[in-house]
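Got a structure for you, written out below as structure tokens; questions coming shortly.
The first chain written gets the first letter, and so on, giving A, B, C and D; residue counts start at 1 in each chain.
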Amino acid sequence: MDVAFLGLGTMGAPMALNLITAGHRVTGYNRTREKVAPLTAAGAKAATSPAEAAASAEIIVVCVSDSSDVEQVVLGDHGVATGARPGALVIDMSTISPSVTREIAQKLAETGVRMIDAPVSGGSEGAKNGTLSIMVGGAAEDVAYARPVLQAMGQTITHIGPIGAGQTAKAINQIIVAGTYWSVAEGMALGLKAGLDMKRVVQAVGSGAAGSWGLTHRAGNMIDQDYPLGFRVRLHHKDLAIALETARELGQPLPLAAQVEQVETGLIAKGFGDEDVSAIARSVREMGGL
Amino acid sequence: MDVAFLGLGTMGAPMALNLITAGHRVTGYNRTREKVAPLTAAGAKAATSPAEAAASAEIIVVCVSDSSDVEQVVLGDHGVATGARPGALVIDMSTISPSVTREIAQKLAETGVRMIDAPVSGGSEGAKNGTLSIMVGGAAEDVAYARPVLQAMGQTITHIGPIGAGQTAKAINQIIVAGTYWSVAEGMALGLKAGLDMKRVVQAVGSGAAGSWGLTHRAGNMIDQDYPLGFRVRLHHKDLAIALETARELGQPLPLAAQVEQVETGLIAKGFGDEDVSAIARSVREMGGL
Amino acid sequence: MDVAFLGLGTMGAPMALNLITAGHRVTGYNRTREKVAPLTAAGAKAATSPAEAAASAEIIVVCVSDSSDVEQVVLGDHGVATGARPGALVIDMSTISPSVTREIAQKLAETGVRMIDAPVSGGSEGAKNGTLSIMVGGAAEDVAYARPVLQAMGQTITHIGPIGAGQTAKAINQIIVAGTYWSVAEGMALGLKAGLDMKRVVQAVGSGAAGSWGLTHRAGNMIDQDYPLGFRVRLHHKDLAIALETARELGQPLPLAAQVEQVETGLIAKGFGDEDVSAIARSVREMGGL
Amino acid sequence: MDVAFLGLGTMGAPMALNLITAGHRVTGYNRTREKVAPLTAAGAKAATSPAEAAASAEIIVVCVSDSSDVEQVVLGDHGVATGARPGALVIDMSTISPSVTREIAQKLAETGVRMIDAPVSGGSEGAKNGTLSIMVGGAAEDVAYARPVLQAMGQTITHIGPIGAGQTAKAINQIIVAGTYWSVAEGMALGLKAGLDMKRVVQAVGSGAAGSWGLTHRAGNMIDQDYPLGFRVRLHHKDLAIALETARELGQPLPLAAQVEQVETGLIAKGFGDEDVSAIARSVREMGGL
């Protein structure tokens, strides 16, 4: 298909390359122009604005940082809305607020452009290997239309519900990551204080009710007090803010997610914002003087 | 081997049967006498006191409810210490305090009886199928001596460290269960408030960083608001109290485990103590009026 | 002095009347026109826009609901900035974000209009009786210029620091209210569960280290489970959001304030948003099944 | 009256002196013998055991550290129960568990000795000046009988309810202290991060809904990061453990008190256990890197 790809950062660049590999015709755009080079080297065209990229596209993928970026790229000057053909479909793969997603989709609809939200989990490694898990919100026919493009980038494509539902699912993902990691951090801290060989403990408890991806893949960071990426504290903090804002709108308290957000605020203030999210273990250890 | 088995409750009974099946010669004891019947039907002998059961045993397995029960059975009137032969080995498979474990072991040692701690995870199902995960604390030679008996009851036997270390590992297990389940509960509550099809959300987020045993096996309970056993709130609450007491002794704060303990205190007060631990989701839902 | 008063709600109306009583010449404006009537009956003039009200004023008091309201009234169409004379002074007595305050002040300064922030505590009763505590941020000379007007409305006028500092102090006020009330709620819940005569307990502990305004004035609500105003949960929730946003900007975790915000999110969802803030005790009682 | 005074520590010694000053005939006992000297210098007699001290007493005041100390002094070898005359009245002024209090009183009753609980607040200063607040649990006639003695030591004597009720009231006191101080700590941390003159903030917010004894008397410690006694973290931590144990028995969650207990566990581990309770502000500041 003819695909415009807007936003060629750590996630977007490898995702766009996977589209080319799968045989789609890609036109790339990025605010910082140089980032388009690897894509054009792989056979893509380059555009100088979202509007230009969108002009001849059947599908327009957006993969930027936050709500205001998406608004800018889609609805701003020289944005998608000013260039896209009626009937074109925007796939927003950024992680932003579900309610902002719905607002943007509604405004786009006035120009005849369709939109689905499709945030991902799986990190930069998943983006490279095309093994992302993609959570999709939108009309069934739009999701079906987008599927060939989504399948080139992800392994698990789940249609969650109507527009915004993908973003809500992503918020849920980040809420659970927050608490699961934190629980692992508490467990590791206690064991370290007790002087246990924590690799053995992780092995012993990992196959049962205490088992989690976080325990298997991140307890090591917490034991070694070394937090290589992974997924940045700073970005998870941004995502938790979206989750908490969504929870506020829906009237659902999230006491644990709120605690982890506070902890991450402190970590960022202390200069650990670019470490992996598992660095929340720093706070648990610090409380006990470990 | 000649094994005395003290405590034939929901966990102990099937564990003792597995010992018989594996060819060990078992003498059973239980405070409530009738509970020995199924064991004697399977070929075990019955004893009328821990001392009598221990008299001819190479290994004495203890599987009772709490610290004071273990003290009573091991050090009390007609307890193990008054009957066991020097050189015999006590395997305490109850979940109790690591520091009480060390005290009991020390007193036993004065009578020439050895002890290791070997609490389990895996529930009554794991006890039946012999697939328990067993976390062991004690001297290496004692653990080696006990291994044939442990292997008849569990699938994963991990020697964590010196006496008490098994109990500390079990405490860590329960700390992580607490927080992982709670994080899943928050995620489910948000999705339900948003009106999402939560089975799809669980499927979408379950394979990545948010994945856990709790999400795979207990999110369903939380979505359906139905909490069949599983593992009782009441027992998890008892185990968290041990974890928090241990943390206090070691000087390690556990803010999340402490919160879940408070929540469980309330659940028990409201009559939900005999539901599965995943019932902590009741509290999250209640906060949001779900 | 010639004073424009913009925003004649529950707080603004009695504050404006106190200005008239103190001899100031007041021109009132309110979005809903009828609310100006009591003021004109007391001798004030009425204006049909913020700009018109500001035109002849030395001092322009703004007392509206939130950041966007202040932006609208001050910088919007027919706003203060389009009508006020250079050298006029805006006193913003609304409770809004310190950083938004600084932005508005900066934009106003470009039109030659000065601004200080002066949020209040003391409730509608304090507004009526002129006994408000006013926390002021701004240049010393501007605060001095405003003092005769402030003194007609409040009993304690404290110049905290530069522009925005009044709002930060107000945020601190709300953070402390949140935690103090919550701590009283926990104490009351325990005593009620124990069946104590809580009036006696409040009397016994109130004069020492546990003493607080909240204990003296709001424990009764919590004991009787009746939460008459006071200050609305809904408004306190809005103020806590400002406090938490400010804390995020400054890199300071506030775990307790964040918890109370979550609790209040739930209370609002359950229909208690218009009760007094002491209704956070509902959540503590509910956890224990009281 | 003839009074035995058992436990002449930081609190007990000045309290016993106040009894002498008020004209009571005091016999003192302390485990460490030398501590009786100041009392005998003031005219008291010295005893070598609780039983001996109690032998001729109408009232026996107990003022020791914890539940096991009270049990030892009252029910142990050479304890009060072995020496006191039938009809004598024990006033336990230690801070211990309400349920342990009831158990001790019941056992004492079997020997014909009466008991009330009368824990205090007001610190060593209040003990010296006779201005303690005394929270009393027991039968009305016993409290009336004890009143002349209590009035010699405290300013406010409140009969809360039946035996144990004084201890429950004291637990409530410590719960409220925990949360009030913590809320002040959060407020101070935010203001310090914002660079405000915090003395002015304290003055501005202190007279309204945010006002508390903790704000007036302990915010200074938190601002200056200097935590002179006061009341030790270590002792408050012990009292919170009693409060939380009582809450567990009664089925009442106390999430905030539980958090502060965790924080204090960490402070003690890091060597701050002998600072004033206001040192919990260290933890808030540390989270933000202040």
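In this section, contacts are C-beta pairs under 8 Å (C-beta built on N, C-alpha and C of every residue); 3 or more make two chains touch, one makes a residue touch a chain.
Not measured: the values here are computed from a predicted model.
Trainee: Counting hops between chains that touch, how far apart are chain B and chain D?
Mentor: The least step count works out to 1.
Trainee: What's the chain with its C-alpha centre farthest out from chain B?
Mentor: Between chain B and every other chain, the largest centroid distance is to C.
Trainee: Please compute the C-alpha centroid of chain B, do the same for chain C, then give the distance between them in whole Å.
Mentor: 53
Trainee: Measure off the straight-line distance from the CA centroid of chain C to the CA centroid of chain D, and report it in whole Å.
Mentor: Measuring from centre to centre gives 38 Å for this pair.
Trainee: Give me the residues of chain A that touch two or more other chains.
Mentor: Residues 247, 250-255, 259, 262-263, 265-266, 269-270, 287-289 of chain A touch two or more partner chains.
Trainee: Which residues, counting only chain B, touch chain C once they are in their complex?
Mentor: For this pair, the touching residues of chain B are 262-263, 265-266, 269-270, 283, 286-289.
Trainee: Could you pull out which chain C residues touch chain D in their complex?
Mentor: Residues 98, 121-123, 126, 133, 135, 156, 158-161, 165, 168-169, 171-180, 182-184, 186-191, 193-197, 200-201, 203-205, 207-215, 217, 231, 243, 246-247, 250-257, 259, 284, 287-290.
Trainee: Which residues of chain A touch chain C in their complex?
Mentor: 241, 247-248, 250-255, 258-259, 261-263, 265-266, 268-270
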